[in-house]
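Look at the two complexes coming up: subunit A is in both, with subunit B in one and subunit C in the other.
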Partner chain A sequence: MSPAAESKLLFAGPMGAGKTTAVATISDRPPVSSEADNLDRGQCDKASTTVGLDYGETRLDDGHRLRLYGLPGQERFAFLWRVAADGALGVILLADHRRPEGADQLTPYLEALDGFARRGAMVVGVSHADRGGLATGHYSSALLARGLRLPVFTVDVRQRGDVLLLLETLLLQLEAVELLS
Partner chain B sequence: MSFFSRPDVAAPDLVVACMGLDGRNETSLKALLPLLRERFGLHCQLSEDPTRADLVFYEAGNRLAQALLRREQAGQGALYVACSAQPDSAEVLPLPFSASRVLGRLQEARSRRSRTPTAGAGERVVQLHQLLDQPDAAGVEIEIGGQLGWLDRSRRQLHWPGEVDADLLAGLISGPLRLRPVSALQLASATARSLTAQSWDRLLWPLAVTSGGATPLPGLVSGRAFRIEDWPDFGTLGRRPVDLRCVALLLRRPLSLDQLVALTGLSPASVLGVLNAAALCRRLQGVSVQPLARSAVGTGPGSIGALLGRVRRVFSMEAA
Partner chain C sequence: MTATMALHHFPAEWLGTTRRHLQALADRVPGVQGIVLASSDGFEIDCLATRSGAASRLAAIASSLLALGQAALRELGFAGSGTVLIQNEAGHILLLEGRYRDRTLVLCTVAGPSAVTGTLLWAARECLASLTAESRISAAA
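Then we have the complex of A and B:
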């Protein structure tokens, strides 16, 4: 990584998984959101959804800026995912465990952001699951079937500690790649 | 030099550890200890391993610390001090730390200092590990305080009357306990009852890391490297930087205990605690050791490590 004064971090996943909340949880200031009425209530029963990008940022102690981008969840915005991914440090991919399609909900994001997943620049957070630790097994198995050994953690994205756990693990994975490559 | 032949260093008056405190308070404690040494001659060493400490300052809600505290109350001697920014009783130490209150706790810990090793917990980890390895057993029955539960080896699940809590952990660490292997038929019959099925990591991982890495489990021999095939769910286990750091590396390539120590700068006991936990949870595979590239060791944090350090500082996160 260059000594640039900023890094970009992406939050991806389907509607309702908690991307907007996760960005807001660790952003220094209220994120800029592009919410619009949700016209696709069959996909997710919430009144509004992100149609552009959510944007937040965190200033580190040396002025380094960590830019936080929440990607729109709907697949018709896949072109935007790829544009936003350019130069990003990594991806926090969120899943909504209430969705009936289970681990398949991650497929479009894993395909569009495959390069991040392959080089370990991705972590998966499963929201809306109980804390028994069984929910994540389905997602881990689906990832392993794709040859991916990514961390899959049960999280509540309203909790700053949970979002930071994902961020820290992402950075530790990148550090491991850097150390052992 | 191998961990297995590592000599002891000069012992301090007290070993102090923190559990679950944010980085700001941990840093403030680190700054206080040398000052107290200069002023009062009390030589304290900070350790990341609470099971080897004489005094543990812990965040009042930390579940692992509560389990360890219950074991200490069973008579092993270390002093556990709950800390909170909003203490709800006189026994809870207010945060941020003040020198006089910390000094009071240090003196109390010194007066009751006891270096009882955690052999009891370590022996239980070994016993459980061996029972789970028995070829004719499908699982292990656990009886603690009149409650029965089962570990299912093939699914890596615990079936218990409720969710894993500090009482259960404490009972497994130090309370009266009965363990016995069960057949597939016995296991199927037992788990058909109305029990809570959960990942066994929730019980076994904390049990192994709280045993202090004093004893390598069978198979964790010097001269072998180990790898982990998939991540435990640290969203349910709770964040321990030592676990995260070691698992991230062991996912990337097989490493021996000594290589992990060299790469991370962590103590051998801490690293062994993680290896024990992964082995007990059946997440560890042993392979032959391959040498590390020279560039990987002793070069300090790279660009990502430096960024991680800044992120931890700005969010007051405890480091490994």
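Then we have the complex of A and C:
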């Protein structure tokens, strides 16, 4: 990938996986958030949920400026996933390891953002990795079963280094894809 | 979660009044084609003249658009709740924020091109004021 001055990246994944936190952790400026009271406590026990978009910005050491968009997790907001995907370079897909459905929780996002996954413009971060019953290797196996070879990391999205790892891996992966194409 | 489950957050006596207020809005503004009352996280609470599937979808879209509008206002330092109005030659979509006690509501009104914007805004605000007043009555009962 030739180093673009500015790129747009998406954070996707189910409610509670840590998209809003990840954007806030890495953003160089206070992020813009669009949260509402969460009535769906059965889905995720937190007081508020993103219903619009989160927006943050960060600049990497090489000067590359990243515009970061956190998508709402619930499928009823899928129309917004498609709107936000326009012009995006890649996707950081977060999974919540506490969810009993394991890798199946990623299916709606893998399907809606299939083009990114197929061309390698996606990395997967597994949050709350210490709180689930399944082995975290389960995610790589499930992705391979779908024909997807994507990097998978366990992450604490409150840690800047962990979120940077996801961002930098995604950019390196995009560069490799471009070199090989 | 389904919209039915979201309704558990609102008492039945208040839910029994919402249709009347939505109907009053429709009656006040010629050209109204559909109205959806939604929770701020995008669940349909009630709707008028809108197919159920379409109402659910509109509820989610309305909550997103209003939240984005509010975020833009906050970024500019414009405190307070906001209104989103989207128009083209085919009609209007008006989104207003209201309250049910400590919960935020979204009122989405879809109207054809014949609707007068000012009348639509006024009537939608009246509708939300009525719904809020009704919530105080049901709280006191």
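Points to keep in mind about this one:
Quick note on the criterion: the second predicted complex is superposed on the first by the 164 of 181 C-alpha atoms of A that agree within 3 Å, B and C clash if a C-alpha of one lies under 4 Å from a C-alpha of the other, contacts with A are read in each partner's own complex, and residues count from 1 in each chain.
Convention: a residue touches a chain if its C-beta (ideal position, glycine included) is under 8 Å from a C-beta of that chain, and two chains touch if they have at least 3 such contacts.
Note that the structure is predicted; figures quoted are calculated from it, not measured.
In the overlay built on the shared chain, the residue A:Arg149 is in contact with subunit B alone; subunit C does not reach it. Within the superposed three-chain model, A:Ala5 lies out of touch with both subunit B and subunit C [touch as defined at top]. When the shared chain is aligned, subunit C comes close enough to touch A:Leu53, but subunit B does not. Contact comparison for subunit A: of subunit B and subunit C, B touches the greater number of residues.
No residue of subunit A touches both subunit B in one complex and subunit C in the other. Listed in rising order, the residues of subunit A touching subunit C in the complex are 32-40, 42-43, 49, 51-53, 55, 72, 74, 76-77, 79-80. Against subunit A, the residues of subunit B that register as touching in their complex are 157, 163, 196-199, 201-202, 229-231, 233-237, 239, 241, 244-245, 248-249, 251-253, 263, 292-293, 296, 301-305, 307-308, 310-315, 317. Those residues of subunit A whose C-beta lies close enough to touch subunit B in the complex are 1-3, 7, 26, 58-62, 64, 66, 120, 125-126, 131-134, 136-137, 140, 144, 149-155, 160-162, 164-165, 167-169, 171-180. On subunit C, the positions that touch subunit A within their shared complex are 1, 5-6, 9, 39-43, 56-57, 59-61, 63-65, 67-68, 70-71, 74-75, 103-104.
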